[in-house]
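Before anything else, here is the set of structures, which you'll find just below.
Look at the two complexes coming up: chain A is in both, with chain B in one and chain C in the other.
Coming up: the complex of A and B.
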């Protein structure tokens, strides 16, 4: 097998890895905000349940959670899980990352001086105006470095989708490596993750600079 | 009557912070509230501006009740939507300025008029620049709060409050977070507003200022109004021993 054919068969996997990556971000970033608000709820039951949720998501392996999301519906309810593989991966990743993002958001949220909320309140801003105009921009600035860390981890975590026998890039790399007894696919995989994260770090650094105007 | 607060009671857990306080402020009046730390004067302002909810009593702006006591003796507020309208009667200047750090000075002043009062951008900007000019800060319109001194920030905060065209302006220890050198420029602005007959309530530790600028001084201690009246009387010849003691401690 030539280098080109290896690359070609792995590129389909790369697209799947990218799909997991972007879909997870699209769902987990806003979901994390919702989780943060539930976590901060003044109702003890709601904040308590959310705390348990976060503890489970952070306290157990993502690999295990993926298995649970995929096979759970079948074992619990005998539902057919045909065609459910990809959704299960996205649900599993999103629910897991939402928990991490929620805690990052919370740290940023609590770092905002209470006077910011009060100033907005006295000026008569509505709740959503206060959030989107006053709080969110300041929140994003404080948490950006932590978010970068998390996104970099996500790039590498996409390989965990192999648990559900999903042919993302790393699964294909392993298959080719064993069938061709070659180490090259792993090097390609390594370069792929490295380049991905290089791009992530570059973009996030630009974002941090863009927010450094105050 | 611009503001009337009757029989206000407020506790934090078991601590009674306001015990049956009543104040009223007429149009054009400048009222100073003085008193030791923990006397409840800041809490009173925070209740007047709805940052704290009262336990019992009445709050009226322009003779309209925003909160009043029900049959069970508990304060009941009007709806959230109505409270939002009440907020247009007043402005508040904080001890810590609380400017929005991610907005330029100009945007700090014109944003609420545009997004809360729905004024046009041109109108709001023109008014904001006029106010900044009045605060001697026109050249800082494009700066960010972190680039300004404390005194400048506080003057921006005053402009921001004035931009909402309030009927009454509250100041919560406006110079307490400032270097002594910078308090003068803020007090000068407040004095100028007093000359223009702006209705104001100022919680302050600046006694000479309170004496010079106020129409009426209120001395509070332990959640009650000990004494109030003409500044010359309260500062020069107070009736109560507690007031005398407080003023003596200040002069030392």
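Coming up: the complex of A and C.
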């Protein structure tokens, strides 16, 4: 097998890895905000349950969670899971990453001095205005480095989707490495992850600079 | 209003957690009516048509001819003294595939019992997830046909035995780096003839197609338009990529799994129609499931 053939079959897998990556970000970033809101709820029941949710999502391996999201509906309700593979992967990744993002958001939220809220109230801002106009811009600034960390982890975590027979890039690398008795696919995979993460770090650094307005 | 919204989202989160608490059982789905006294038809069976035959042998580093010869010789000696058949008999699912017989073995050319260096430790490299050749047994210890055979070989020669379970994807690196001395784990020789120094072929195997008994699939032609699962880096996978690519072309989709356990769960859940797997591993999956 030539280098070109390897690269060609692996690039199909790269697209699948990227699909997980972007869809997970699209769903988990806003979902994390909602989880953070529930986690900070003044009702003990709501914040308590959310805490348990976060504890489970962070405390168990993502691979196990993927298995459960996929096979759960069948073993619990005997529903057909034909065609449910990709949705299950996205649900599993999004729910997991939302828990991490929620805690990052919370760290940013609680870092905001209480004087900001008081000032907004004095100026007659409503609660949603306070959040979107005063709090959110400051929050995003504070948490960007932590978010970058988490996104980089996500890039590498996409390889876990192979648990559910989803042929992302790293699983193809393993298949080629095995059938060709060659180490080259692993090197290609390493370069892919590195470039991908370099792009993430670059974009996030630009975002940080753009937000450094004071 | 906000309260209701919050309660509602908590409810959704609860549901999410609950569905996350399901345990995946490889255990019996048929177990529900396991108590029934009437012996039921098996839920899963192999098609009569097979994909092909392969042979299992012991792979050594290129150039380790002497070691390969010693180990093969010791295994032949175990055939003569009956240990080979005795170990095989404790694996009834695969016993019929063991191919070594006393015929044609020249007893004089074999290494003497206890002739090995007693300070030498033979490092047996294997995949811990390949039952019944090498796997974690019910009591949590490492076992399997290949593990027992290798231990018997070491006992015969007077060597120490060291189990080196590795990640199957890294087998070549482990072997070449010297962390193990051989790959002996239901290791298929076909297609890899030039990549290793091969020891003796001690078992045959047949690649087959596992389907649900009530699926209506009877022949390989029936697989056309169906979804078939296979484990990555297995001979069944290689066969469907290469020698039987024509057959794989008729499938609606070929799903590649990390392990057959997940593929089997998918078959039970009806998400795929068939599994391409070797007879011994497949038989083991079924019989273990019905325990």
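As a convention for this text, the second predicted complex is superposed on the first by the 214 of 214 C-alpha atoms of A that agree within 3 Å, B and C clash if a C-alpha of one lies under 4 Å from a C-alpha of the other, contacts with A are read in each partner's own complex, and residues count from 1 in each chain.
In this text, contacts are C-beta pairs under 8 Å (C-beta built on N, C-alpha and C of every residue); 3 or more make two chains touch, one makes a residue touch a chain.
Quick caveat, the model's predicted, so the values are computed rather than measured.
Novice: Once the shared chain is lined up, is A:53 touching chain B (first), chain C (second), both, or neither of them?
Specialist: second
Novice: Going by the contact rule set out at the top, does A:20 touch chain B (first), chain C (second), both, or neither?
Specialist: neither
Novice: Once the two complexes are aligned on chain A, which partner has more residues of chain A within touching range, chain B or chain C?
Specialist: Between chain B and chain C, the winner on chain A residue contacts is C.
Novice: With the two complexes superposed on chain A, say which partner A:141 touches: chain B (first), chain C (second), both, or neither.
Specialist: In the superposed model, A:141 contacts chain B only, not chain C.
Novice: May I ask you to decide whether A:68 touches chain B, chain C, both, or neither, giving the answer as first, second, both or neither?
Specialist: second
Novice: Considering only touches as defined above, state whether A:33 meets chain B (first), chain C (second), both or neither.
Specialist: neither
Novice: Please work out whether A:188 is in contact with chain B alone, chain C alone, both, or neither, and reply first, second, both or neither.
Specialist: neither
Novice: Considering only the contact definition stated at the top, list the common interface residues of chain A for chain B and chain C.
Specialist: none
Novice: In the complex, go through chain C and note every residue touching chain A.
Specialist: Against chain A, the touching part of chain C is residues 3, 6-7, 9-10, 13-14, 16-17, 19-25, 168-169, 172-173, 192, 195, 229, 232-233, 237-238, 241, 255-258, 262-263, 265-266, 269-271.
Novice: Within the complex, which stretch of chain A touches chain B?
Specialist: 113, 115-116, 118-119, 121-126, 129, 133-134, 137-138, 141, 213-214
Novice: How about chain A: which of its residues touch chain C in the complex?
Specialist: Interface residues on chain A, with respect to chain C: 34-35, 37-38, 41, 43, 45-46, 49-50, 52-53, 56, 60, 65, 67-69, 71-76, 80-82, 84-85, 95, 162-165, 167, 171, 174-175, 177-179, 181, 183.
Novice: Show me the residue ranges of chain B that touch chain A in the complex, using the header's touch definition.
Specialist: Residues 49-51, 84, 87-88, 90-92, 94, 96-102, 111-112, 115-117, 144-146, 160, 164.
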